[in-house]
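See below for the structure under consideration.
The chains carry the letters A, B, C, D, E and F, assigned in the order they are written, with residues numbered from 1 in each.
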Amino acid sequence: MTVSTMPFLLELVVSLFLIAGALFALIGSIGLARLRDFFMRLHGPTKASTLGLGCLLVGSLLYFSFQRGTVSVHEAIVTVFLFATAPVSAHMMAKAALFRGVGKGGPSRNYPDR
Amino acid sequence: MTWLQRWLPHPLFTGFLVLLWLLMNQFSFAHLLLGSVLAVVISLVTQPFWPERSRVKYPGKLLVYLGRLLLDILKSNLVVARRILFQSDDLKPGFFTYPLSLTDDFAVTMLASTISLTPGTVSAHYDREGRTLLIHCLHLDDEEALIQDIHRRYELPLQEIFDD
Amino acid sequence: MELMISVALGILTTCGVFLILRARTFSVVLGLTLLSHAVNLFLFSMGRLTTGAPAIVGLTPDSADPLPQALVLTAIVISFAMTAFVVVLSLKAAVELRSDHVDGENPNEDRP
Amino acid sequence: MTHLMILPVVIPMLAAAWLLLNHRASIGRQRVWSILSTSLLVALGVWAVTAAQADYHTYWLGNWQPPFGIVLVLDRLSAMMLLLAALLALFCVLYASRGSDREGSHFHALFQFQLMGINGAFLTGDLFNLFVFFEILLLASYALLLHGGGRARSRAGLHYVIINLLGSALFLLALGILYGLTGTLNMADLAVRIAAANPDDQTLLKGAALLLMVVFGIKAAILPLLFWLPRAYSAASAPVAALFAIMTKVGFYAMVRVLLIVFGLDSAQPLNADVFLWLWPLALVTLGLGAIGILGAASLRTMAAYMVILSSGLLMASFAMAEATVLAASLFYLLHSTCLAAVFFLLADLIGRQRAEGYDLLSVTAPLTNRWLLGTLFLVAAASMAGLPPFSGFISKAWLLQNAVSHPKYLWLWGITLVAGLFMIAALSRAGSGWFWKPEPYTGRQRRRLDPARVATVSVLIGISAALALFAAPVMDYMSATAGQLYQPSAYVEAVLGESAMANGGHNP
Amino acid sequence: MIEWAVNLAITLFAVSILLNLYRLAIGPDIVDRILALDTLMINSIALIVLFDIRLSLGILFEAAMLIALMGFVGTVAMTKYLLRGDVIE
Amino acid sequence: MVATLAPLAGLLLLARHWPQLAADDPLIATVQWIPQLGLDLSFRLDGLSWLFATLITGIGCLIILYARYYFEGKASAPRFFILIQLFMTAMLGIVLSENLLFMLVFWEMTSLVSFLLIGFNWSNRGARRGARLSLVITGGGGLALLAGILLLGNMAGSFQLTEILAQSDTLTNHRLYPLMLSLVLLGAFTKSAQAPFHLWLPHAMAAPTPVSAYLHSATMVKAGLFLMARLHPALGDTELWFALITVTGMITLMVGAFVAMFMHDIKGLLAYSTISHLGLITLLIGMGSEMAMAAALFHLVCHALFKAPLFMMAGYVDQATGSRDMQLINGLWRWMPALMLVTIVPAAAMAGLPLMSGYLSKKMLFSESLLVTAPHWANVVIPVWVTVAGLFSVAYSVRIFHNVFFNGKPRDLPIWPPKKKPAMALMPLLVLAGLSLLVGLMPQAIYDHLVHYAVMATTASHLPLYDFSALADAHTPAMMSLLAMLAGLAVYAARKPLFAIHARLPDVDAKDIFETVMQRTIRFSQTLVYQLENGSLQRYLALILLTTVALVAWSLTGLEQWRGPVPLSDLDPLVVFGISILCLSAVGVVLFHRYRLPALLLLSVTGLFVTLIFAWFSAPDLALTQLSVEVMAVVIMMLALSFLPQTSPRESRLPRVLRDLFVAVAAGSGVAAFTYAVLTRPSNSISDFFLTNSVPGGGGSNVVNVILVDFRGFDTLGEITVLGIAAVAVFAFTRNLNLKHRVAESGHSHWVAEPHPVFLQVVAHMALPIALLVSAYIFLRGHNMPGGGFIAGLVTAVALTLQYMAGGLAWAHERMRTQFRSLIGAGLLMALLTGMASWVFGYPFLTSTFAHLDWPLIGEFELASALMFDLGVYTTVVGATLLILANLGKLMTIAGPGKEIG
């Protein structure tokens, strides 16, 4: 790993982004594992994991931009793509859960029942 | 249909594609040329899949909106993180129906995505006829306040952007 | 690490083989997929395992063996084609024979 | 390096791609392209056989020298197989063009792909490339097998496909071992490196050789590996099944090629000896099973499928004797048995179409039209298949048995072959007398017209078998030289890698 | 420091993946499993990106991009299957 | 009458050669056919072949003459004449061959043609069965003979008789002599109806009478005798020869004679009598002395001369009365006096009455039997034996004459009064009877001029002429003859009680036995085959796997050390983690395999981790490919899943699970062991060449891609062909798949489950152009960085698949504006034509070229022909993937079968 030439501050920022991202993702996954009801579990990954990955990608963007000397924005594209698709994934999964009656009689109030 | 409209059905989006190409590669004249050709060709080829005309009236405002959204996402995540980690047993999840005033599909999608990405809410179903969104909330305290908040914070700006 | 890889490939193979010996086409397809993973990884590892040295000229000082990678790539594509084919075929067979049972004559199957 | 060498692969692929591009073309057009392409292949086959008599020919694909690039090698064996496959294919496509090609979609494109795969397998000098061509020919054969649809085909097809997928996995495993220990894929280079490997590595390589034997054994139909075959072959439509007669031979070809060249260079202790040790008993039992199956078959197609098994057994048993003279005879037998198996598949259809009911079931003795003509064709084919003189069956069997005498274990081969011949006589006379003698003359109201073109196709194919007997001497000379060439792996290596390769232990740039 | 951070991040993502697998295994409903797989995909994008940093290669982003695309398509396919009994109709 | 011309001509030709018989050397004419096999078109004319050929053509002429009347007015006549000519040719071939293999050709031909002749009246069940029985026995014998002759040829180094006959000592002392002799004799015995292979002959009587008269008296059955006589000089004069042939002949002689006596069917009686006489001749050949040989050949001639007219008589009676049953046919002399008169001579000859030919030959037999001394039992047993057999032969000869022409009045005959044939029809009988009489009257002359040369040929020595006057003086044979005659008459007189006793014996029909044996064998075969090939895919797979494991395990027993010399590398925790998850998910797939969707999800995890492993171990291209392929595969499986049961019952019992587990663990251990063994050994690969030449030779820095499109582009060409075939195949066999009943079931009316969710549509529409741009990016950079046509193609395909999912098949397909099959064809053509383009420059197929160009404003860039090739790959992949998906999707929707998509 050739990081020796990196300024400390940049290194710190990159590290922070990486670890923050990892933490967000971990929280999302903890939510997925721990929460009681499908619809509650749905929140964790769709938000936390997406953001976690976003942070990580920003860290990576900074890191490689420095490494290569030019702005490397591939990560940004991945991030944008994720942010655009994650809500739709969640939407589709929520639909599937409603269709199957998952969580009916669970902790979520006002369970729609037509 | 003008000549330009025929060849550039989604000029804004085509521009976005060119930019994307330049971002993926290097900024150079060759890539600008190649990217433009690709963008135009791809736009034309995919045009049948995207028959609606673009309705973004104020691209600038869209950027502002997206910036605000990013901040909200950060905030919302901290909130959700706290709830997941420390309050998971006290959560009061529930569904509520959000009455839409937006009509444009793209705009509604933007709104629904925004909702899904921000504090403790996930849009679960879009009733196109009844023009409502079914939303699941991780911690549903005050339904009315939440509806007002969404309307003010997101739906109104979107209405402006899309002139809906 | 070699031992670990070997054991892993062994386990993958075992799982794949066990599944293709089940009586339903779907299990067989699952088994074939696992088996092809195992085989692809095997072929891949025959070029020896190298970390951080993709076979791209000028990227890193040393380089992984590119040939097995090319072979595995071909094998992956071929096994994709075969999987698609076999899935559709098993679907066709299941529809026509009214059963996805493949382990001998099935008592429940309709006869012509 | 002549570009003609690549044409057996390029032409059918061109035809197939063209047919797909113009998939709306009328069936007539499709037939024209397909027959044209196949006829060109026959011409190429003739060229190949002529060219191969002089020397080895190699073709460096992409102009990359072996062992780095893929190389095609034309020797006597591949030339002969090319010609055989092309001839057989021509008959099949002509037969199919009388209507069977309409029973499903894209018969001709798939057929050409099939030929591409078969020809590629015959020509390639690279083991991984062989795998690729195997996959092409297998996939095309799966598709052709299912041509026309129906339950029997679906079921048999599923078994066939899955078993061969397992075979492909084993092939890749073997390739992996070979590459892992030798670092090369070119057959000649492999041969050099395997011969030079240390004893411990050789033991592992022997494992790979046995794996390959299983892989090719599945295709060539050897005993515990062949149970997919009878149902698959008897389910296929007639011209497809007839073409499949060459498929087991592709397996046999690969076995010969790989065992004799790749694992046969070390003259002191060739690795193939251990493979032959296993091949021998298994092949003999296969031969026996083929005979029993022929006797127990319920339909002519099934019978033909077991004939394929029987001939595979005989081929492999004689190959396992590991002697050039025996191999020469078994190559001659290969020609004969391929033609005749195809004849029987076509005949089953030809007869089945003329019968009032029961198609080709042996248990049904329905009236049939044109019993004279069909009966005569059947009689000649049956006599040849059962090894009765003066047809090719007799000549090939006699030569095979005669050449096998020098081998210490020849009596086994003799005994089982002859008893199998007896079984075949019993089964075929039973079928023939039940069909052509027993039933009343056909009195059905609507006349089933016998298609003269189909009859002509079958007759000419039978004629080829007769010609094979009549002009056996030059063919046998060719076969002897072929077998001699195969037992000279070092000449092959030199032809492919250049003269210094042996001395340098392979990888000669 | 980055090395340390990368290793820590990898560890955290690995733990996340284990948690996802746990959910994938226990369900209880199939949508839970789909959700778990979707999350797992996202976490593995992270792993790929971290590999890239750790190995200092800078060539694995396409893989990340593809996982994002494929993960999305996969999730949509599965949910559509659940909703409609079919994926393409 | 054209048909008689051929044999007549043959006869004349033979007659022309008669003067040469006295010469020492046989006439030999050879045309080379297959020298490698030692098979030549080689003919030999010596005394023996001359004798046989004369019999064949001579009797042939008469038979054809006879058949002319027999088949009068029958449509099947031409068939008969063709077949009989063929048969005659074959017989002549046997006797005139110099090359033994060549002889075998004719030998088998007689079996085949006689099969057709016996089955001539095919609507008769007996005829069909009789034909098959004879073919199986004689054909099987032929196979044995083939083996025997091959052995013989191998021992002698040639199949030419001249050479074989010259090597008697070498042959009889050879280690394999017993085996060879047994095989040859097996062939001869089956052909000549020696017990127990005689069974076919009586059933061959279903043939038309001319056939019986010719094949089963004069020709085919004599082929075996001919062969023995022919090979006698080479193989004879050993104890084994004597024992095998003599004993067989004795048994046959007795069985035939005994059974003949009790036959009520005229032809049946004649058939068994023939068997008996064949046995007699065999016995004589077995004795092997010159005199015995002379007796054998003399009797052979006599037998042909008297048996043929008797058969003709039988046919005459059969056609006239519609029956052959001697219990019904009686007293015909009144209606057919001429026939009766003509029959006297052959019947008397068969009985061996004095002055008749048969009398002489029988006497010769008796006298020879007295000379046998070699095994001490023979000199008593054989004379007694032949006398008893002679007794029976007298009895049945008397019977056939007396029962047919006298013995009271006819009873219930189907045709009455008997139909008469023109007098000319009796001509052949008359001629034969006359010849028979002639032989009896002037045996010495006949012997000297006809038989003697043959005997010389069979003994390969110049022997003195047989002295018939000496025979006349021999007393003991005369006594034996007399005894047999008297006793025979006595037996005939006492026939009524004997028939009664015989009737009580169990009725054994060889055809039935044969049928039963055949049926049993067939049933056994069917059972065996069914048990082996029982339709269980799993059993086939298990067999293949077990074989593999067993073979490979066996081969590895000699391995000294699994672990090679290369030191193990360190364990990275990350690798441990990834691999553990991979294994866990694989095990998960197994545990969940009965629940389809969860299993599929776990399978995706497996694929994902394989991707990660590729990414970690420096294979980015593989990672990209694996990932895309995995998702497409899972989508395809999902599509198919809706037609398959969602769960499957627990079916496997514990033993089965344990068996499968054993197989699986064995296979897994094998793979693990090989991996470990190879990974710990040093590698020495050709890959350095690729790394060195990738940029200068292939114009790309991504070596994997350069290998794919250049170094081993041929593989890639094959690979996309596979993909194309798969797609076309899927198209072909889903086209007419009818799933209407499924469509009816799938009515989803749930409020949340709309077919095309709006949000999904919006995102999908936006994703398409972006994905296309990304594919373009991946495509263009592939030559230098991870990517390439294949991955780009899959990305495009995935993006388009997303359109299908979001907007529906009909909606999306309308907008594709392309035919996927054409796309596949175009892609393949593109790749192919790129490869062919190199011919223009004189380079081999697929030779790549590239150029670095420098254009104003744009700068330097590279153009490579490989890019064109890769474009073909891209196009094919897109077309193939979409064709598969669209057609799978089609199954449940749109118009149903018949409507083509793609």
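Throughout what follows, a contact is a pair of C-beta atoms (placed from the backbone, for glycine too) under 8 Å apart; a residue touches a chain by one contact, two chains touch by 3 or more.
Computed from a predicted structure; not experimentally measured.
Enquirer: Suppose every chain is reduced to the average of its Cα atoms; which one is closest to the average of all protein Cα atoms?
Expert: D
Enquirer: Starting from the mean Cα coordinates of subunit D and subunit F, work out the distance between those two points in Å.
Expert: Spacing between the chain centres: roughly 16 Å.
Enquirer: Nearest whole angstrom, what separates the Cα centre of subunit C from the Cα centre of subunit E?
Expert: Distance between chain centres, rounded to whole Å: 21 Å.
Enquirer: Roughly how far is subunit A from subunit D, centre to centre by C-alpha average, rounded to an integer in Å?
Expert: 57
Enquirer: Counting only residues that touch at least 2 other chains, which ones in subunit B make the list?
Expert: Within subunit B, residues 20, 24, 109, 112-113, 123, 125-126 contact more than one other chain.
Enquirer: When you check subunit F against every other chain, which residues touch at least two of them?
Expert: Residue numbers touching two or more other chains: 535, 537, 539, 541, 545, 616, 620, 641, 671, 674, 678-679, 683, 685-687, 690, 711-712, 715, 718-719, 722, 725-726, 729, 733, 750, 752-753, 757, 759-760, 763, 766-767, 770, 774, 785-786, 888.
Enquirer: Show the residues in subunit D shared as contacts by 2 or more other chains, in ascending order.
Expert: 128, 132, 135, 139, 142, 146, 155, 158-159, 162, 166, 173, 176-177, 179-180, 185
Enquirer: Chains as vertices, touching pairs as edges: which of line, ring, star, complete or other describes this one?
Expert: other
Enquirer: Report the complete set of touching chain pairs.
Expert: So the chains that touch one another pair up as A-B, A-E, A-F, B-F, C-D, C-E, C-F, D-F, E-F.
Enquirer: Can you tell me which positions in subunit A touch subunit B when the two form their complex?
Expert: Those in contact with subunit B are residues 24, 27-28, 30-31, 34-37, 39-40, 42-44, 46-48, 50-51, 70, 73-74, 76-77, 83-84, 86-88, 90-91, 94-95, 97-98, 107-112.
Enquirer: Could you list, by residue number, the parts of subunit B that touch subunit F in their complex?
Expert: Checking each residue of subunit B against subunit F gives 13, 17, 20-21, 24-25, 28-30, 33, 38-39, 42-43, 45-46, 48-50, 105-106, 108-109, 112-113, 123, 125-126, 128.
Enquirer: Hey, which residues of subunit A end up touching subunit E in the complex?
Expert: Interface residues on the subunit A side: 1-3, 6, 8, 11-12, 14-16, 18-19, 21-23, 25-26, 28-30, 32-33, 38, 41-42, 44-45, 49-50, 52-53, 56-57, 59-60, 63-64, 67-68, 72, 74-75, 77-78, 81-82, 85-86, 88-89, 92-93, 95-97, 99-100, 102.
Enquirer: So in the complex, which bits of subunit B are touching subunit A?
Expert: 20, 23-24, 26, 73-74, 76-77, 80-81, 84-85, 88, 91-97, 109, 112-117, 120, 122-126, 134, 136, 138, 140
Enquirer: List the residues on subunit D that touch subunit F in their complex, please.
Expert: Contact set of subunit D toward subunit F: 1, 3, 6, 10, 13-14, 16-23, 59-64, 67-70, 104-106, 109-110, 113, 116-117, 120, 128-129, 132-133, 135-136, 139-140, 142-143, 146-147, 149, 155, 158-159, 162-163, 166-167, 170, 173, 176-177, 179-185, 189, 199-201, 203-204, 206-207, 209-211, 213-214, 218, 224-225, 227-228, 230-231, 274, 278, 289, 292-293, 295-298, 379, 383, 386-390, 394-395, 397-399, 401-402, 405, 414, 418, 421-422, 425-426, 429-430, 433-434, 436-438, 440, 472-473, 476-477, 480, 507, 509.
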